[in-house]
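Just passing along the structure, written as structure tokens.
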Amino acid sequence: MLKALREAVLEANLELNRRGVVIYTWGNVSGIDREAGLVVIKPSGVSYDAMCADDMVVVNLENEVVWGEKKPSSDTRTHTALYRAFPRIGGVVHTHSPHAVGWAQARMEIPCLGTTQADYCSGPIPCTEPLTPEQVERDYEGETGVNILRAFEGRDPMAQPMVLLAGHGPFAWGKTPDDAVHNAVVLEKCAEMATITRMACGGLPPLEDYVLDYHYQRKHGANAWYGQK
Amino acid sequence: MLKALREAVLEANLELNRRGVVIYTWGNVSGIDREAGLVVIKPSGVSYDAMCADDMVVVNLENEVVWGEKKPSSDTRTHTALYRAFPRIGGVVHTHSPHAVGWAQARMEIPCLGTTQADYCSGPIPCTEPLTPEQVERDYEGETGVNILRAFEGRDPMAQPMVLLAGHGPFAWGKTPDDAVHNAVVLEKCAEMATITRMACGGLPPLEDYVLDYHYQRKHGANAWYGQK
Amino acid sequence: MLKALREAVLEANLELNRRGVVIYTWGNVSGIDREAGLVVIKPSGVSYDAMCADDMVVVNLENEVVWGEKKPSSDTRTHTALYRAFPRIGGVVHTHSPHAVGWAQARMEIPCLGTTQADYCSGPIPCTEPLTPEQVERDYEGETGVNILRAFEGRDPMAQPMVLLAGHGPFAWGKTPDDAVHNAVVLEKCAEMATITRMACGGLPPLEDYVLDYHYQRKHGANAWYGQK
Amino acid sequence: MLKALREAVLEANLELNRRGVVIYTWGNVSGIDREAGLVVIKPSGVSYDAMCADDMVVVNLENEVVWGEKKPSSDTRTHTALYRAFPRIGGVVHTHSPHAVGWAQARMEIPCLGTTQADYCSGPIPCTEPLTPEQVERDYEGETGVNILRAFEGRDPMAQPMVLLAGHGPFAWGKTPDDAVHNAVVLEKCAEMATITRMACGGLPPLEDYVLDYHYQRKHGANAWYGQK
């Protein structure tokens, strides 16, 4: 079932490891088949060295396992919440990469300080509100998704494909699992650059709006002309 | 004697090196056979490149060498103090990994700032008191163990399997030597993340208690459901 | 056309990647044939893994493609602005290396704090003014070149072969593409060292002018005697 | 001439590179044959990839080349000044490793903050005074040696085998070239740990003297018992 997608999700999980944004089992990638309404996700607590495509788990958007022998990632309900709410995304990634976690623990959004971030994100990298005790009791992973959606009210998730969870770490998404991994790596790098800026000058001087817009549109606008397209 | 344990302890020492938390001879791992009451530990000052299972040293809980031709690690008396006091641990690790040492030198516990730490530790990573001149004169390595035990009065060592020694560096432990190494790597990463949080916001905002509890229980509680068990 | 230069420019692009100053497509190198008045530059948005010499694009100094099937780097107009204004340079590099970007986002020049920088640069690493809305509208990449030239009024570009673009990142140049890459790597390292100095003492104590001059002249002056020449 | 020493010095230079404390030609190692009164040193400006034992240069303690076809390191006169003044050292190393340079640029000694440093150094890592204009004019490299000797008045160079040059970077030494490289790597790591301590707590809390003494003596005192001796 969904063999090609399972292979793509496996490969995206391994890429997370190769890019140095995860250690041990500290991350997971999923991908969705929109026609079938099914999500392929990494199994819970399996190490990257030992994983194969048959270990991937297929769940539906109500979080029920429909294929596979392993338990799905403990963060599955956050992934499916994003797929249900953001109809254009095809892949979701969660990591504990250190700079992104450092800022998530600071409970700060990362303002757009430069064109590196503007090439991928039309504004800041938002930070969610912390979960309330009631949310944790009700459904920790599902309510994590709820808080992400709240942070994106009035925002376009395709234009800001990344978020920090207060006291936790980053999620990123994209058109495909591979694209989501790319955005997770970019987020870690932007967080690292923000840390360095803060150490250099003690502040976080924002990029001019018109430069942000120019860079974002150059890569993602209706008349984008970056790359070979 | 204890061949399988010696091989496991060797492998755990090499894993320390592969994970980048030691250089030269700056770390050591031990493991215990509880039935025999014997501890296998890295020899003192031998480099990781040249070590084999026959170089491992077997000592009893009174620090007497009972097998092996090499001298045991200079930190042996700290290891055995932990094994005597914490009956459920099976492996102990000491390193000089840079972020953990940086915080140990700052003589600060690392508060639980996020879920990365909460997944392994039910609270802060404690920091011991410094040794007094009398303690150093009496038995530096043994008294280091005494100070760790003091820092753990009222704490469960299985639920907070890591500690910082003021002005020195980290110790971690676990059910097996391999598990102890895993915890030492986690400690280094949590220390790095705390450094970044501090640079990002100038403070150390604590994780909400109820989130800490949720994450810790998810992996380690009576009804833990993380992973494939 | 210009086969040897295309191979040198390809090799210099790959060297950027090997030196760890770029990820994905976050950088580009060009080289010029001064007799022909033609510039060879990396294609836009092509990854380093897949690039070959035939992918390089040849443009003239008016930014017209004269050879090659790919689109040239989106930063081409900045490269050519530098070649037109600085007649002695033979290669230009742009990266998003993290420490250099961190300082560019801080919108600070990097003062000469030590002999590491003095060995390559006869003064600070300048930082441009930000672009105005009019400049962005008129010609973002060309006006980026204009701002670099303004930052170099009264400076010798051969003696300070590197610059930070406010809110963006670094450019470096040199006698050849390879030399330009070398300078881009040096710039990243000097930025990292400046960050550490700032963390160590909270300030940026300048190197004495007479030491700066001695070191720069030792390598680059009329009677330079460093190396095997 | 001095083939075995040339091979040891070559190997020590390559080890600098493998340990990640140099890039390009930013470092040099020398060794001395005390009976012959001759020093073997890295050639100036030759890259580590291409170096062989025949490229090493032999100089006497008056800095005259007595064997070899290459020019010796531009820092030769600093190396020989140390060999003349410190009769027990057998190897000298200079690098531009980033944390050590960061502190040298801050013009601060690195206090002994923890046992990592105490295992190698019986006190702080001293920082020299800056050179005066007269010193630079007279003999930059020789006077660099003079300033190191001044910083060591009243200190035992075997017990503090490392120093920071204000506005420049580190020198380290030891009984052999290999031992000197080991000390240069230790210095970089201690500088990194000091940076982290400073970020964690905003200060530099000193290690207790009696702990410093215990650790240093354990490895280097008359009754040292660390390692397999």
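What to note about this one:
Chains here go by letter, A, B, C and D, matching the order in which they are written, and residues are numbered from 1 within each.
Basically, a residue touches a chain if its C-beta (ideal position, glycine included) is under 8 Å from a C-beta of that chain, and two chains touch if they have at least 3 such contacts.
A quick note: this is a predicted structure, and the numbers were derived from the prediction, not measured.
Farthest chain from chain A, judged by C-alpha centroids: D. Look at the contact of chain A with chain C and you find different residues on each copy: under half of the numbers used there are shared. We define each chain's centre as the mean of its Cα atoms; on that basis chain B and chain C are separated by 46 Å. Chain C and chain D have Cα centroids separated by 32 Å. For chain D, residues that reach two or more other chains under the stated contact definition are 194-195, 199. Chain contact topology: the protein chains form a single closed ring, every chain touching exactly two others.
Applying the touch criterion to all chain pairs gives A-B, A-C, B-D, C-D. Residues of chain B touching chain A in their complex: 19, 113-116, 182, 185, 189, 192-197, 199-201, 203, 205, 207-208, 210-211, 214, 218, 225-228.
By the touch criterion stated above, chain B contacts chain D in their complex at residues 23-24, 26, 43-46, 70-71, 74, 96, 98-99, 101-108, 130-131, 133, 136, 140, 167-169, 191, 194-195, 198-199.
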